Every structure is written in structure tokens, then in C-alpha cells.
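Two complexes, one shared chain (chain A), two partners (chain B, chain C).
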Partner chain A sequence: MGAYNTIAFDAEKCDGCGDCMTACATAKTGTTEISRSRIQIAGNAAEGFELALCRQCGDPKCVTVCPAGALGKDYASGVIDWDGGKCVDCLLCTVGCAYAGIALDAGTGHVAKCDMCDGAPACVPACPHGALKLVTTSRIYNEVGNWEDLFAPGLAGCQGCNTELLMRHTLRRVGPETVLATPPGCVPGMGSVGFNGTTGTKVPVFHPLLTNTAAMLAGIKRQYKRVGREVNALAIAGDGGASDVGFQSLSGAAERNEQILFMVVDNEGYMNTGMQRSSCTPYGAWTSTTPVGQGSGGMPSQGKTQDAKNLPLIMVNHRCEYVATASTAYMEDLYDKLDKAIQASKRGFAYLHVYSPCTTGWRFPTDQNMEVARKAVETNFVMLWEYNPRDGLQFTRPVDQPLPVTEYLKAMGRFRHLSPDQISHIQGKVVENLAFVKQMAQRQSA
Partner chain B sequence: MTTAILETPNPTKPAKQKVVLCEGNEAAALGVALARPDMVAVYPITPQSSLVEHVAKLIADGRMDADIVDAEGEHSVLSVLQGGALAGARTYTATCGPGLAFMFEPYFRTSGMRLPIVMSIVTRDGITPQSVWGGHQDAMTVREVGWVQVYCETVQEVLDTTIMAFKIAEHHDVMLPVNVCLDGNYLSYGTSRVELPDQAEVDAFMGVKDVNWHVALDPLRPMAVDPLTGGSGGKGPSTFVRYRKGQCRGMQNSLRVIEEIHEEWAQRFGRRFAPLVEEYRLDGADYAIMTLGSMTGAAKDAVDEARDAGKKVGLIKIKTFSPFPVEALLKSLDKVQALGVVDRSVGFRWNCGPMYQETMGVLYRLGRHIPSMSFIGGLAGADITVGHFHRVIDATEGLLTNPAPIEPVWLNEKD
Partner chain C sequence: MEQTKYLVVGSSHAALEAVTAIRMHDTEGSLMLLTRDPHLPYSPTVLPYVVSGRSAPDAIFLRDEKFFARQKVQLKRGTALKALHVERNAAELADGSEIAYEKVLLATGASPAIPPIPGIDTVSYHVLRTLDDATKLNAAIKQSKQAVVLGAGLVGMHAAENLVKAGARVTIVEMAKQLTDGYFDTTAAGLIEKAFTDNGATILTGSRVVKLEPSAVGAKLTLENGTALEADLLLVATGVRPNMDFLAGSRVEQDKGILVGDSMQTSVANVWSAGDCAQARGFFTDAKVMNAILPDAAEQGRIAGMAMAGDPGLKAYPGGVPLNTYHFFGRHAISVGSSRVPEGGEVVTRFDEASGRYLKAIFKDGCLLGIYGVNEFFDGGVMCQLILRRVDLSAVKERFLANPLATGRELMSKLWR
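What follows is the complex of A and B.
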């Protein structure tokens, strides 16, 4: 399967210094002639700078237009290679590329293009402003792409939902020696346990009750341990069942340090049953049981009137083997945590809390899921951290200069009705929660 | 209060049975240990607590090799065992009263998933009024949920039945959870001489464990357990009916299996208990009183005294309450002209005892009318004495000549 690592460019950070071009020219031609650099920065300070660089496209036009077969996509590395032995110097490729990513190198008389320096591009560390970044998200895909997808195609999730992605990746990672519990909610609603005896899940899967997921898994895991078999006990549960009615069994299993990996997919409500409020629903949010209306006595109904329960922090206070928050907008971070959670679940209770924006219930366009998830992190509305009893709590993706929370709120219909007072309440809570978690991070790592 | 009435050991089986002196809760724990479960989950509640304490101690002392889960409540107790059973474990727990009420959600589901979990109910009255003492209200309240429920009369029967319960539950024609009901206070704390079967004999009796052949959560044979079914389309309705009918068939099969296993027990260990319905001095009786559980000891004493006084009374005791042993009971009822039924709980809907209510259904099948009445006694730990049973006998005799009262008789109303 292909790798799709790329060099990302943040135009706002670029001041046109040219250090990247010097670094590239040095690395690739042994000269400092920036005209021979394969990365080119164009533009000026007044109008801004642009990047001319090979994007290592998945569907490369340069390869398509080349009449000599001199360009080809290496599906192992993801890099588009140029073969000097075949090239006839026609330069058609330079016309075909929309990114000016391949150009004539006057020094050699042939075209030249970025080859990613074998995975460690010289230009990236050369940038003094952090405007260039090697985006290696594709590492995940490289690793797991060949692993068996343990769900058959056709999970019936809502359009734009990230939960199918989460389920497929998680199961791939955990592997076939797994018993999967999917308590009532979106996950079985998508058909994980199937209907009338037909299922698309390739590992043993079951509906626990909404209330007893952790307890049933504990029984399963213990029996396999008793007979000396290594079987993973995995839950993919919703926030409602975990934070409300199923909290007792969750807390009990965590206290007993049962060897379970318990993943909560937090879409901040009972979305499968029609978007009702849960204790994980944030303050001010519209849900079907905290609707917006004119109210009575001059007191309008303006969404949920309480703040969300912070379930992952409560789990930290169980001193679980591992607790982390994660977001599908940051898959590398999620994967690292998934790996740690799997390992931790061999020793005791591991808890992973993944935020799952709900296109249907939160009311945003179906192509905005990752953007909403990202904005939640960039505003510190959601914080990404991990905890284990030895190292304490640590931020994995600290956001030092958060966007105002309105950048997150305005992305969704469920917050459309908010009054200025409500918005300032939410902003205040973001600051307060951040301070609280920071304090915890310092205290526990001290 | 009744004390244990021991059967005479079979002289052909002098056996390697040890004799111990213990309370009913300990007898249940000893029975559990002999049945060798893999997993026990516990949560304490009066009057069950000493039972799970005994189990915990047996495990701590190495006299029982089982994984014990001290769960955070009865709801999780049963849920842990469901998981264990689905992974192939033989499983056990005990509860009562409010604990059983809290457990109800997974309780209902256990029979639907056909998991052969054994659970003692150390029966306790329902709250409120607040009370911690014995009564059958807890077990009666859940009688319509697809569990096999058997009631014990003596401490020895508690021990023996607890072992038999595993074999009944795991019988391939049954595959249903079983409650062994022992009366809170009267059997739980009643101490008596008990014969302890030999482990090797019990092992031979139990045979090979095969708990999850029909439904499993096992990566070696992956399946989706309990997928969504029902509704009004596709295979939904027929699939749902198939599951439900299967449960009903398992319940009906259990009547035969309970008889077979009690017979096998009698052959092997020399103690014979009536599996479904026990008749006591019923031959030649004009009328009968009907009992359940430990009250039967005092009732038998009263019947003996009444017989000595020339009254033509007999006794019918129910052991297997769920499924209700309709055919067996019909045969007994066919021998009498009047019936008095003594319950240790109330049926709020019919203003009578629940066992009386069930029996009325059987009486309808008898094809002839016999007068009957309901007695309610022993609620919340109250004693049903031989004196009380003489009142029951006299009132039931009165049915032969007087019209039957509609209202139940509350035996402890003026105690």
C-alpha cells in the first residue's frame, strides 16, 4: 500500500528567507544556487508567499503525461521517482503539474523534483520559522493498510461520521484475538452485532446491556485468563452508557483493575436514539431533551443548563493503568494512545476517550467532521492528554495559543442560539478546565 | 421453625460421605465447592451474606478452585457471570430481596441467552415495608422470567440441590439458569447435620463441563451474540418467536430433566427428594394443604398430629415452582376434595398468595371443581408454627361443607 507523507507549508509563518531552498540545493546539487533547489518559494512580503513543490500526488498528472515512462509512483514509499535513463527531456511533465513541483534544473539539463530525501527532507529543519512540516500521518496507513479489516464493508453509519473510521482502525490494531462489546448506541446501531443473525463483524461481538459492558467483559477476560488464553476484551461504547447509566459497572471494573480496553466514543449525547442529552453533553448545547424555546415567565430555554461531566478525568482518579483522550483529527496521537492502551489492558484497566463530532446531532455539514474535531482541540474545548500511574498526566498536544471558543461553537447548529452570556460561560469553563488539567499534570508528574 | 429432616442414608451406599454440622448458607457454599464452578461473583446482602463469606473462605483456603469477583453490585455480579459463561465458565452467585431487584435487568437476559448460571436466592421479603427477614416475595416477583426455580425444605436438600442445579442448568435439553431458593433465616441460618458427598462421586455425577457449546464469545469460533431481531419485517418476527419458543421448550424439558437428575442423585448418593411435587400422607386424604420451602417441616408435623386425631388430611409440597409442574400437580390434586394453599408471599393482583394463584390455573384443568382457599403466612421472617398449620387444616376441612372464602387468611395477623 502507498505512503503519502508530504511536506506541509504554512504560508503565514513564511517570511521568504529562502533557507529551505539553500538547504535543498546543498543537499541535491552540492551548490548553494537556490535556482537549482527543488523547493521554490515565490511571492513577496506584501502579498504573501507560495510554495512550489512536488506534492507526491496520489493521482500524479506528471506521470500520466510522461511519454517515456520516466516518472512513476513508488507505491511503497509514496514518492514519485524520476528515471534519468528513460527521460527524453521533453518537459511535458513540467506543464502537467499544477504545483510547479517538477522543473528544469539548468545545472543538469534535465528535470528535477523533490524525492523527500529518503524520508528526511533537508528543507524542513532548515526553516527557522516552522513554516515547513513533514506530515507523516500516512505512517499509520502504511502500517495497518495490509492488516485485516475486521468489519465487512457496509457499516450503516450516518454520512460523515468518524465512528466507522474509528471502529475499523481500532479493530485492525487490536486484532482478531478479541471479544468486542458494543453496548446499545451508534456502534451497534451501525450494525456491528448485525440483524437477525447476520453480522459483518469478524471477531466475536455482542450487545451488552447499556449498563453492564465493563462487567460482562470482565467475566469474559477472567475466564480466558483462567484457561491460559490471551484474548483482548474490548468495548467500543457511547458516552451516555459510560457516563450515566453504565457508570457503576465501569467504575467497578476500573477499581478492580480488570484487564479491559474500554473505548468511549463521545458524541456528547444519546445520538442513536434521537440526540438526547447525556451527562457528557456540554453546557448550552441543543439536544432533543434540552431544546431551545421561549420558555415561560420570561425564562427562555437555551439548551443544556449544566456543564459536561468530565469522564476521562474521573477515570484518572481510578488510577487506571492508562487513561487518555484522543481525537480522530489527530490520528497519530490516537494511534500512539491506542497502542499504549492495548499494552496497558494486558496489565489492567485501560480507558480511551475519543471525541466524535456528530454531524446529525450537532448539526454541521457532513464534510466538516474532522474540521469540527480539530477546532475543538485548537480552542482547548477538548484537551488531548494521557495518564498512567507512573508518569502522571501529560498533555500530548498542548495548544498554547488557543483560538477563541467561538471558532468551535460557530461551526455547529447546536450552539446557534447561544447568548453572549452563554458564550462567555463556555469560554470561562474552557479556561477553568485547562487550568485544572494543567494543575493535575504538574501535580501528578511532580 | 422447622429444622432439617434428614433422609435415611441408603444402606447400600455407606459411601465416603462425611457428616458435618452447618447452617444452610454454609451447606450451599459446600455444594457449590463440590460442583467446581470456574467463576463466582459476589455482593453481600442479608440474609445471603454468610453464604458468600463461606464461598470466599473456601476459595481462600484452597478448598475450592474458582475465580472470585467481588463486584460493586448485584447488577454487575450477574453480568460478570454472563461474560464468564459466554467464555465457557461454570458460574455461580447468590442474592436476595433488593439485590435481586437491582439485578433484574441482566436477570431477565440470562434466560434469553440460555446461560446455565446457578444462583441461590436466600429468600427475603420485599421492601417496603423495610425488613431484612425471610419470605418468598423476592423469588416470586421474578417467577415469570424464564429461570428454573426450585425451593428447598431442609439444609441437606440445599446442599444436594445446589449441586444438582448445575447439572440441570447445563443439560443440553435445558440450558437455562437455575435458582435454588432457600428460605432466609429458616434455612440460611438453621444449623443441622448434613452429609457431605464425596468429591470424586460428585465429579462422576457432574460429568464433563460443556457450558457454551450453543452460544459463545470466543475468537476460535467467532459469532455475534444476541443481534437485533424482532420487529415486523424480514426474518425478525420468526427469529424472535424461535428464540422465545426455545426458552419455553427448555423450561418444559427441565421438568423431565429435574426428575431424571433427582433419580440419578438418589441412586448415587442414597438421598431421594421429590423433584417436582411431594405428596405426604396424601393417600386416603379427603383434603390437602399445600406448602413450599422450609415451612413444610412444621406442616408435616401438624398433618401427623391431625391424622392421629382422625382428620383425613394430606400434604402437597411444591419443590419445582418454575416451570410450574402442572401435570405432576394434577395427579396429586386429583386425590382430594378440598385444598388450602399456604404462601410465604403475596400476590397483589389477585389478593392471594402467588402459589395459590398458580394452582388455581391447574385446578381449572382438573375438570371438576374442588373448593380451595389461600393462606398467607411467614412474611418478613414471621414463624409459621405447627399451631398455624392446625388452623390451616381446620379451615381447609371446613371447605368440604362451607363455601370457600374469597379473602386470604393472614396467618400472622394477630401474632
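What follows is the complex of A and C.
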């Protein structure tokens, strides 16, 4: 059983034009009577428009109250099918459904419900405002859900951390023919290198020093090449190990265009050792080494006083085979980039920089990880782009109307102390960084 | 002696939902489903359509053998429960054998209640509760020239319509002052009655049969007022009584049905009951009521199954809300909620005689208590949520009554998603 595609409705974009209903009625009844459409827009301009549509429930009430066995969930497609040959028109399904997802079609005298048009719903492309979308995110789950998970069960991450998800997805995708390097940081801290003499992975894994990760991995890859074996050389490193003390070997491997895939999980600090600042920690952020308090000499401490180093842009300047930024709030984007990075790593150095909100160190509720990651992108605090030497730098998820950066800052505790001046500094940096990356995008694509 | 962790007795909606709920939480515990019916599970609600010929008798089953195999359920068909020995956790079957259980669900449904009319045991008559009843009635209808239906509930009315359409002269005899009493009010009942009389049926409400005797045609009925009726087909559809004879002498408390609490447990800790045999709290009253309708059976069965398996997601039963739908001569009627108007309640009706569209809603303190319509379609499930959530509709009442379909959907989107 897989996960299913869904018709998603964005009420804010709907103006009640009814084109979706016309499209549905046309497709399903051959008429333009919108009362016969299986998607129904309710409401008004003043209070907003709402949707009545079958939700293809996982635990469908309409099915349980059907006395004739005429309704049933198709676990392959996810659609609740209606069998007109068995239906007795008793309407009990309409009494069972709390969402008005199945209703009487006066034109036929039978009930009618959305059947997802065999996977290509007619209503979705008919919406001129983009208020209806066929959400196909489940394709990742359907595609990789049955692939072997190459990490052992029971990794010990903090509650709400997205790094386990990232590690498991990444190694699944890169596959079993892999040698993995995980330098000190949260990733081995969660158990990648294992306990009691067993590794935490089902592929060879090693634990280099913070300083020599890229160098050791490059050597291993070369040795495998020399003996004629094709393996993927993958590093999953933290931002501290990559941008600070490990930068020399990273830069060297990129310069030599070693055939490795180097993934940085950027939680903007040394989180597993007690949340110290790194060069990727943003301006103003509280960490245990950039505290908030009285300070000394009449200068209160207000978090980090320097701006973050933009490591992925520095990697672009190595003209790597592939460089990209990604976020677990946008898994399809991440998967696309992972695919490209794997391919690129067969030719040369591939670098993937994934933002990883830290529930513990950034101080936000454990159920908010994806929301914080999404807010980072929606405010342009984090930009999602990719680079290769042929096509230059391109945004993969440009944000046309960014939210004010405060929407991101207020989502977590590490920025709670910020003064208005600090906030305007951060907002200014967001604008500056965007302009800078845009310039690169234009220059390199020109 | 056979042993099982879960024993479910019955095979209709309540039992099937319980099986699903148990298996959601406990995929392995041994589970046995016992039913006196020889067939695969089906719904009593579909039987009128088997009578009419619309549903093929072999196409109405709600589950197949594969389902039970997949769910690791041992299915015993044609096996009636004779006695439940709660003191030693054993179910005695009709053949005298016993099954030891840890937890048992009684979802045994109901059987036709046969009125004590003098002479009723001297004539042959039909009832409609099982698939075998339905196939027999289906065959008999085709032969019938003059039929009498005792009882104008939904089962009787359905069968009467089938008889009318098959060409028989049909008389419906009902003790109450109106037909479909308890489901619909006098106006709605009037619409239903007119549809029947327009199609040639005779309806005798407020009438009681005092004598039944065999006759050349089949049966002769004598009414209280002296009228005599002859029937070549007699259908007794005067209501049902819960199946709970197997509890005789046990300490499982009973009233009109098997008394249950808000997780469908009976007065005995490891015995649950759900569906048409159970008597549970009503939504509109704390008193325990019989609410023998399909959606409530499914709801109760699910709750019982979750409680039996120890599912922590269990939520207490909100109380039974009456829900009924009825099709007659191409028209439909839907009733949701209470038909009783409480003190201080407000009744609003709208009736368009030309189109036969009728809507009635009952409010109390701004909240909807009940709504029904004839040929006026609204989302019954949405209405039911408005009732269960006790949504104050004062501000939108006019709009709601003018268009319960659209207004209900707007409210739905604002209140639950």
C-alpha cells in the first residue's frame, strides 16, 4: 500500500469563479450544470470560499454505512469507488459523510462523488487561480518506501529533529554500493557509527576527524577506483565540521574535483556538543558561546555579532560539478537535487547543503521542525538554488512575495531577545543576500 | 473446548466494524466471528432491494472469505449462540459445544417481532430480516394478486411498494395514526401516503387486526372495525425485537435491549454489545434507548471493537442520533436527528405543494435538533455534525432554512475540516 495523490485547495486563492465545477460537470455529466459537479465551492466573497469534495478518506464512513457493498476503497489508487450496479440509491452514504463528499446528483437520481478522473482531475487545470493543486508528494514515499533503509533502526536523535529523516532518505537514494563518512557531529551522535562494535548502517561507515573528512573520503574513493570497483563516496557532515575546521580538506577535495558527494547538514552550530556557535550561525542567534545577558564593560551580550558564512556560495566558487541548497520542508526539491548530485559525483565533486532546524538548539517546539524550515524559505532567509558549471546558478524555488523575516525569527527562541536594530540588520542581510545570489544567477546564466 | 481472545457474535455492520477496529489495534489476537446466518455478511437494510429484484442476492455481501482470511478471523457461519455463560467465559452453541473467550461482543441484531394476533399461527406469513426471507418474498411477490402488509414502518412500506409495482392490490394496515410513525411527521407521512394511494395501494392507519384465519386465497384478516381482508400474501412488518434470548438467566443487564455504557460495555466487564440488540444512551436524552439504525450500529461496533482491543484512541459514544433515509416511488426522504419538539423548541417548516418539496427543522436555543426533507436534498452527514456539535445557528437560520445544502457546507468548512 502506498500513499496517494490528493486534490489540495488553497482557499485564499479561490475567487468563487466556479470554473472547476463547470469542468467537473462537463467531464462527468456532459453538461455545464454546476449543481451536478462533484467538486462544490461553497461560501461567498465576503467570508471566503470553501470546498465540499470527497476526501477519499483512509477510514471512510460512507463505506461503513453502505448496506449494499457499493462503495469501497481501492487501496491501489486510494480512490473510494462507487459501483452503480450495486448501489440501491438509499442515500445512507450521504448521511455518513461529514464532509459533503458524496451527494445526490439530481440529474441521474444516484449519488455521485469525486473519482479523481483516473489520476488527472479535470478540475485542477481548470482553476485559473491555482487554488486547486494535485499534490503528488506521495510519489517519493511510493517510490522509495519499499527501498531498503540502510540505517539501523533506532537512531537516537533529539525529539523532532529532521536529520534522521534526511539521513535515511539520503542513504536509501544513494544506495547500498556506498562508503559513508560521518565526522563528529549530530550524525554519528545519533548512531551512524554504531554501538558496541556494530555499525549503525548497513554499508561501510567510518568516523574521520573533523579536519580530514573530505581528504579521507577522497582517498577511499580513489583506492576503490584503483581496484576497479564502482562505489559512491558519501559524506554526511555538520556545518561546523565543514565550514570551520574541516574547510581546508573540503576546499582541497573540491579543488581537485574528487568524485565524492559531500552533504552538509546545516543546523547552524555545534549542536551535539552543547550548541556552540559555528561560522554558519546567523547574526543575532543565541548559542552557548554567544550568550544573551549582561555582558561586560557596559556592552550587553545579544547573541552572535557576526553574520553567517555562506558556505554553499563559497563552494560555487570552486566550480564544483554540482552545488545545491535544499530543505526538508521541500522534499521533492531535495530529491531532485540528490539525484543530480549522485550523477555529478560520478564525474567530480558534488556538494549538497541541507538546512536542518535544530529543535533543541534553536529552541522551538518539537512538532515545528518542518514549519521552521518552511518559514526560512518563505522569508528568503534560506534560498533554494542549484549550480553546475554549464548552466550556472538557478533558483529552484524562487519566493516571489517573501514574508517579513520576523515570521521566521519569531518561530524560535534563539532570536527572542533581538532588538529592533538587530532585526532590521537581519532583514537587511536577507535582502542583500538575495540580491547577491540573484546577481550570480543572472551573471552565470548570461 | 475451542478458545479465542475475541469472540464476535453477529455478522452485520456492528460486528464487521468491531472486527476492523480490533484488527486496527491488535493484528494477531485470535478472533472468531460467529453468525447464525448461513451466508456471508450482508446488511438487513439492503434486503428490500433483494425483494424488489434490484439487488442480486449474490451481489450484496459486505465481505468475502478472503477478507476474513486476510484479517486472521475464524468465521463460523450458520452457528447460532444458544447461551452465554459469563460466569465461566464460555459461549454455548446450538449444537451444545462451547467456545471459551476472553472478550465477547454481542452484535446479534434483531428479529421480527410477531404481534400476538389471535390465529396468527394458523396462517402462513412472510417476514423480512434475513436474506432467505428476502429471496422467499421476492419469489412470492411475483405470484401475489392481493397482498396485505402489517406495519407501515420503513420495511413494510418498502415491501408494499414492491408489491404495488409487481401489480398486486396492496393494503397496508398500521396501528398508529400515521404511517412511518417515529421517522416522519404527519405532513411527510401524508406525502408518502399520497404516493402510495396514487399508485393504487390502500392504507388503513389506526387499524388493528383482531383475528387471522386461513382462507381459500391464503389468509383472512378481520380488523377491529369489522372489516375483513383477504390476502394471498401476508407480510408481518410490525417492528423488531433484539436477539438476546441467549442471555436468559445471565447477569448481563437487559431492558428493551442489552444495556451498555459509553464504550458499549455491558454490566459484565468482558462482555460488550453493539447494534440493533444494544440499548445505549441517546444523544437527546440520558435515558438508554433503542436506536436500531445502520449508521449507529457501525458507530457502536467500532467503539466496542476499540474498547475490546484496548485502543487508546477510543472516544466515548456521543449518544445515538436517529438517521433515516427512505426512497418511495422515485422520491426520497431524509431524516436526521430528533423528530420530537421539546419544550421551548421551535419548528420551522417549508412546503411547496406543487413540487412536493418539504422541509422541516426543529431548533432549541439556536441549535438544530432535527431536520427532515422530502425531495429536498441536504447532506445528512453535515446536518448530523451540526447536531452533534450543538452548533448555534441563530445567526444563519434564515439562510440555512432557505438552502440547507449550501449553508451546511459553508458551516462545515468553517467548523470542521
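FYI, the second predicted complex is superposed on the first by the 428 of 446 C-alpha atoms of A that agree within 3 Å, B and C clash if a C-alpha of one lies under 4 Å from a C-alpha of the other, contacts with A are read in each partner's own complex, and residues count from 1 in each chain.
Throughout what follows, a contact is a pair of C-beta atoms (placed from the backbone, for glycine too) under 8 Å apart; a residue touches a chain by one contact, two chains touch by 3 or more.
Note that the structure is a prediction, hence the values are computed from the model and not measured.
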### Task
Please work out whether A:A8 is in contact with chain B alone, chain C alone, both, or neither, and reply first, second, both or neither.
neither
The chain contacting more residues of chain A, comparing chain B with chain C, is B
For A:P67, is the partner it touches chain B (first), chain C (second), both, or none of the two (neither)?
-> second
Taking the superposition on A as described, I'd like to know which of chain B and chain C A:A120 touches: first, second, both or neither. neither
Could you say whether A:Q223 touches chain B, chain C, both of them, or neither, answering first, second, both or neither? first
Q) Of the two partner chains, chain B (first) and chain C (second), which one does A:K202 touch, if any: first, second, both, or neither? A) first
Practice item. Considering only the touch criterion stated at the top, classify A:A100 as touching first (chain B), second (chain C), both, or neither. Key: second
In the complex, chain C touches chain A at residues 13, 17, 43-46, 49, 54-55, 59-62, 294-295, 298, 302, 323, 325, 327, 330, 332, 334, 336, 377, 379-382, 384-385, 405-406, 408-410, 412-414, 416
Counting only contacts in the complex, chain B reaches chain A at residues 38-39, 41, 67, 69-73, 75-77, 79-89, 91, 105-106, 109, 216-219, 222-229, 234-236, 239
Contacts from chain A onto chain C in the complex sit at residues 40, 42-44, 47, 50-52, 61, 64-65, 67-69, 85-86, 88-92, 94-100, 103-104, 106, 109
Residue positions on chain A within touch of chain B in the complex are 176-179, 188, 193-199, 201-209, 211-212, 214-224, 226-227, 231, 248-249, 251-253, 255-256
